[in-house]
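To start, I am sharing the structure in question, which I have written as structure tokens.
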Amino acid sequence: MQLHLSTWEEVERYLETSKGIIIPIGSTEQHGPNGLIGTDAICPEVIAKAVGDETGALVGPTISIGNAQHHLGFAGSVTVRPTTLIAIIEDYVASLARNGFERFYFLNGHGGNIATIGAAFAEIYADYSLAIPGSNRPQVRCTLKNWWDTPGVQALSKELYGDRDGSHATASEVSVTQFAYPDHIKHKEMKQAGRAPRAFADADDYRKLYPDGRIGSDPTMARPEHGERLVAASAREVAEDYKKFLAQA
Amino acid sequence: MQLHLSTWEEVERYLETSKGIIIPIGSTEQHGPNGLIGTDAICPEVIAKAVGDETGALVGPTISIGNAQHHLGFAGSVTVRPTTLIAIIEDYVASLARNGFERFYFLNGHGGNIATIGAAFAEIYADYSLAIPGSNRPQVRCTLKNWWDTPGVQALSKELYGDRDGSHATASEVSVTQFAYPDHIKHKEMKQAGRAPRAFADADDYRKLYPDGRIGSDPTMARPEHGERLVAASAREVAEDYKKFLAQA
Amino acid sequence: MQLHLSTWEEVERYLETSKGIIIPIGSTEQHGPNGLIGTDAICPEVIAKAVGDETGALVGPTISIGNAQHHLGFAGSVTVRPTTLIAIIEDYVASLARNGFERFYFLNGHGGNIATIGAAFAEIYADYSLAIPGSNRPQVRCTLKNWWDTPGVQALSKELYGDRDGSHATASEVSVTQFAYPDHIKHKEMKQAGRAPRAFADADDYRKLYPDGRIGSDPTMARPEHGERLVAASAREVAEDYKKFLAQA
Amino acid sequence: MQLHLSTWEEVERYLETSKGIIIPIGSTEQHGPNGLIGTDAICPEVIAKAVGDETGALVGPTISIGNAQHHLGFAGSVTVRPTTLIAIIEDYVASLARNGFERFYFLNGHGGNIATIGAAFAEIYADYSLAIPGSNRPQVRCTLKNWWDTPGVQALSKELYGDRDGSHATASEVSVTQFAYPDHIKHKEMKQAGRAPRAFADADDYRKLYPDGRIGSDPTMARPEHGERLVAASAREVAEDYKKFLAQA
Amino acid sequence: MQLHLSTWEEVERYLETSKGIIIPIGSTEQHGPNGLIGTDAICPEVIAKAVGDETGALVGPTISIGNAQHHLGFAGSVTVRPTTLIAIIEDYVASLARNGFERFYFLNGHGGNIATIGAAFAEIYADYSLAIPGSNRPQVRCTLKNWWDTPGVQALSKELYGDRDGSHATASEVSVTQFAYPDHIKHKEMKQAGRAPRAFADADDYRKLYPDGRIGSDPTMARPEHGERLVAASAREVAEDYKKFLAQA
Amino acid sequence: MQLHLSTWEEVERYLETSKGIIIPIGSTEQHGPNGLIGTDAICPEVIAKAVGDETGALVGPTISIGNAQHHLGFAGSVTVRPTTLIAIIEDYVASLARNGFERFYFLNGHGGNIATIGAAFAEIYADYSLAIPGSNRPQVRCTLKNWWDTPGVQALSKELYGDRDGSHATASEVSVTQFAYPDHIKHKEMKQAGRAPRAFADADDYRKLYPDGRIGSDPTMARPEHGERLVAASAREVAEDYKKFLAQA
């Protein structure tokens, strides 16, 4: 069930049986010579939809712009500042909490978001924690899951790409977008990219370290049929994880 | 050309011939008993895509959550605060300006966003205006267009719905979403909603004035084939308007 | 009744019969070769005082600095950023709400403020809308009226200046300031200014488009006696509008 | 020379001979049973005008709402938060600096503003201090003067009221407003107010300590002719102080 | 009793008999050729500890970075912006208030902090004052004391250094740090520094006025045994002052 | 070399040979029945000092209050909001960058800080990344190291405590504080605490899950001599890591 394709009365009925929602969160940033700029938003969006189809979970609209400051050396990349992203997450959660949602499951597609999402959760919780006890506000609980961070997806990546999957503009994520958008598959010759010699800092630093944008990957290995399997593997495990989150005491 | 389905090298080539981009901006909020919660994001997204297909303009990812505080009395509505939306627009524009974009055309789907988008433009410009003259930053120019605010769309609305289109959860916008998502058409009996007796204030006030969420509309008249015509009409006129914006001295 | 010329006990008594207040809001910015920099604050201040005298409404202190970033290319112009103006309006309203005011009528003198005032209202309302239902805070209601935006003022402008009133540094507003400050009438030869070829962006852009600051106006036609008539016309219609606002259910 | 009653061309000429400006800053807050709510804005505004008339200094529009949170227990009081006031002062100074102003003389009418004005100056300076050396921005210099804080005014207060002037809603400041607004003199029986037993905290605390709003004063002693003398005394000494500020190396 | 060296159960017991806490607040900034960069944090920390030992008062962790923008022309100086410092103080106070603390006594070591601490208190109080009456939050009360600002310390400074103590990098404060850190006494030849010809503005301005960082002082006169006496004198008087603060009605 | 015990001239000389600094960052929060509230600040402070002594690295003042919202259910815990902590880190880094520091090594003592420190780094970098290329600002590089997150410390924890070290109020960290503050060792009977059944949310939630504040630990096993060994092990490995950070191309 997708929030943006539902009516408010449908959501009201949904709340009678569940207080949970899945929120895809990604980024809009370069993904190397054959990767789509929307890759990190597309992946969690597609997988969240699959989870929603499977479990009946409500899926909110994707936060498609994340923390991508380090990719701004490449045309078309878009970032919000961490403090902006914190505000977005706060308002999103507060809006839904007002009408009864209590469990927020963020399905993430971008490593660069992880720290800031954690900070946003703490900012939200701090509002509760700093309040004098006795407030009658219902409590909210938030969690973060990276779509690729499951045993099945890791095993599949290993099976398909060995040590050539890399860590940015990976063959895995490019495969998922090829499955999701078969009309937008890009073909480009390139060798496996170099691995990360050290952590990057700002956008100029990143581009100096990774001239075509990739880190350690060989996305020429990506195939739409891999994407289909990756989506299925991730959705299955994420669905289990989401159910556990709802079942928490 | 859609930014999220492009590579950075494609965007780099695009910048050789154009400094412009179209950014759909909408909202995630109740749209009455048969309207989708995503209506205000879906409409500009679909129309912007049509404009991009027609003109070759680059279309950025949709800002799908806007100012919807007044709809929070209905389940599933999501808002960001105006100051959050200002920050989002600032960061979005600054990101693209860094790599050479200069003309930002926001295609809007939600009346409640208009004021804040205007404030955001002024906030962006103020950064330039408060700087001591002689800075070598390239200037940016932003503009706002509501998708429904063209002679052709207005005429079509009148032709199709007479005085029953209303001003929220309109037959027009519901038609556009039915065209865009034919599998998600909702059927619901209802009479034309009452008109606005006065301006609404906060969410409780809005719900008191408009018990099922609609303002003055009869969205049972919506049809997907109307949506197709509305999209075509809007896209044609928006494309002209966008070209004029790019051609400005 | 003017707030700054009243005592707190007088305001306490006023609150026994009315929960409303009129707040003039303007700007401090160039108004062409013979227009006062304070024009946009002076006009609503003078008219609000007339409305207060006529209706007994309380008139708060004028917010005299608004969004004027686009005028910063001309010496003496002063702006606050939109986010600053939002904070000012929030605090102003919250202060008075604490002691019982509920209806806030902003009488505006500057087109550049309109968007941000709308955003400020939404920011204020969002605080209420995001709160869990059941808070016992009294609700506030805010509205915006431009002093020139009444049938009588428009008709008078047409009668006095035909199509030479323009849209910035207008003959109308200069007349109002000449009526208000007869000792500060400036004489200056000039032709009617050119009209707006397109929307302006930042301060450098504005000055390039409008070299002496005016847009489309011929303020040499301004006369203090016109100002007197304009103030009277506006005050009459604003008073009616304000009373309707108070009478809203 | 008053900024709001000048044209931009007049300000441009003024800048050829002076880079200085006087900015009155006050508050809108209860001033006891016979004191005007606008007292703290009126006093520096009137005195600044006198200084401007005497010295030719440019006087900017008054910041009439200050830090008055502690007075919110009394109807009609209005505050901005300290962080809002900091933003106002920053934007005001940056606007004028853009066109060449360098010396900002704030003439203050409210003790409760002093700390925040100091913080605002430090916030402005920090922007310069944190910049890497070599920026070519012209430096600004800000100073604060309380209108009552001169030997002449102190002596006059002692002469007129002995130890009955108090520290809020003083006979002195009420006299100044009576001189400035003779049509708004209020008559009210009351005894000298009690002195401050300790520092106040928030609004409820203040009202508990000072039930009618005054601290230690007997404003029944106020007379408009005292006000005239106080304005003259203050203006004379402030003018000297302002000239020294401009003459600083 | 030092908060950072206590357990939560010890603090819980402490709250049964006292709602007060002492919070040292200082700065990290140049203190001339022989003064430690930590001087302004060390002094109140040492004295607060002595007060705590004497009175049983709880002493919180030192806020060791303050407003030092004007010292940034000298290597090793660190500042937070005033708005950052306000946020720190707000969060610090709100955290402790949540568990029952009500009286906050800030013992300050840096003149440059005074204004911002005052602004922070007003920001905290404003949250209470702007709330609609009837909130059941316990009220907090904050106060500021400069460690050197007591009759005994002033007399001792006069006795020890006559008119050579100065106002920054003073012999007094250097003595306190020599007493606190005898292994870090620095020896350096220098003459008494020049006095302040005028107020400083930003960091470049400060360094131009005070080339080695000192203002009016001769810290070659500093001795650890002076420091011991200064700490004792200050602690004795601060302890009295703190007790009075707790005893306030 | 400790910044707060150095003079500005010593720092100036230091900058001739190194652009690096180590900044301890911790928290002020409950650490169970026998753990000090300052534990998370004390540990990195002590270890950073040891690293500084060993390598000659400059050590800045400790950021002793971190993200501890989840501990506010226990008396004496203090938090700053994540957005406040981001501002602190930004200002701290910018201050030192102004005088030539380029490499910032944060030695962290608190798991709850990790996300926000990452967000702060991204916020800092975003300022560089969003600037138009060609700015001549020197680039900064920041890194984060948790003191316990080294092979040697992990091995020692296993050797000393087996599986009884836990994850909050650990035997390891209590040992370090016992070594650092032998006069403040607390004795308290208790059993090993329960492990984390799930992630905690806000302060009330945390206390419900962990009634005495500990997570999975048996800090009765803590000994000062363990602390000495842990400090030595961590310092040795952190020193190596810091040198590698400075040596990065």
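Which chain is which? They are A, B, C, D, E and F, in the order written, and residues in each are numbered from 1.
The working rule: contacts are C-beta pairs under 8 Å (C-beta built on N, C-alpha and C of every residue); 3 or more make two chains touch, one makes a residue touch a chain.
Keep in mind the model is a prediction, meaning the values are calculated, not measured.
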item: Neighbouring chains shared between chain D and chain E, ordered by label; value: C, F
item: Least hop count linking chain D to chain F through chains in contact; value: 1
item: Over-half contact-pair match to A-B, picked out of the listed pairs D-E, D-F or E-F; value: E-F
item: Centre-to-centre distance between chain E and chain B (centres being mean Cα positions), rounded to whole Å; value: 53
item: Chain A-chain E separation of Cα centroids, rounded to whole Å; value: 46
item: Centroid spacing, where centroids are CA-atom means, of chain C and chain D in whole angstrom; value: 24
item: Chain B-chain C separation of Cα centroids, rounded to whole Å; value: 29
item: Junction residues of chain B - those touching two or more other chains; value: 72, 79, 81, 83, 91, 95, 98, 129-130, 133, 203
item: Contact pairs between chains, per stated definition; value: A-B, A-C, A-E, A-F, B-C, B-D, B-F, C-D, C-E, D-E, D-F, E-F
item: Contacting residues of chain C [partner chain E, same complex]; value: 91, 94-95, 97-98, 136-138
item: Partner chain B, residues of chain A touching it in the complex; value: 2-12, 14-15, 28, 30-38, 41-42, 60-62, 64-65, 68, 72, 74-81, 83-84, 87-88, 91-92, 95-96, 98-100, 181, 184, 186, 188, 203, 213
item: Chain A partner contacts - residues on chain C that touch it in the complex; value: 129-134
item: Sites on chain E touched by chain D in the complex; value: 67, 69-70, 72-73, 79, 81-83, 86, 112, 114-123, 125-126, 128-130, 133, 139-143, 197-199, 201-205, 248-249
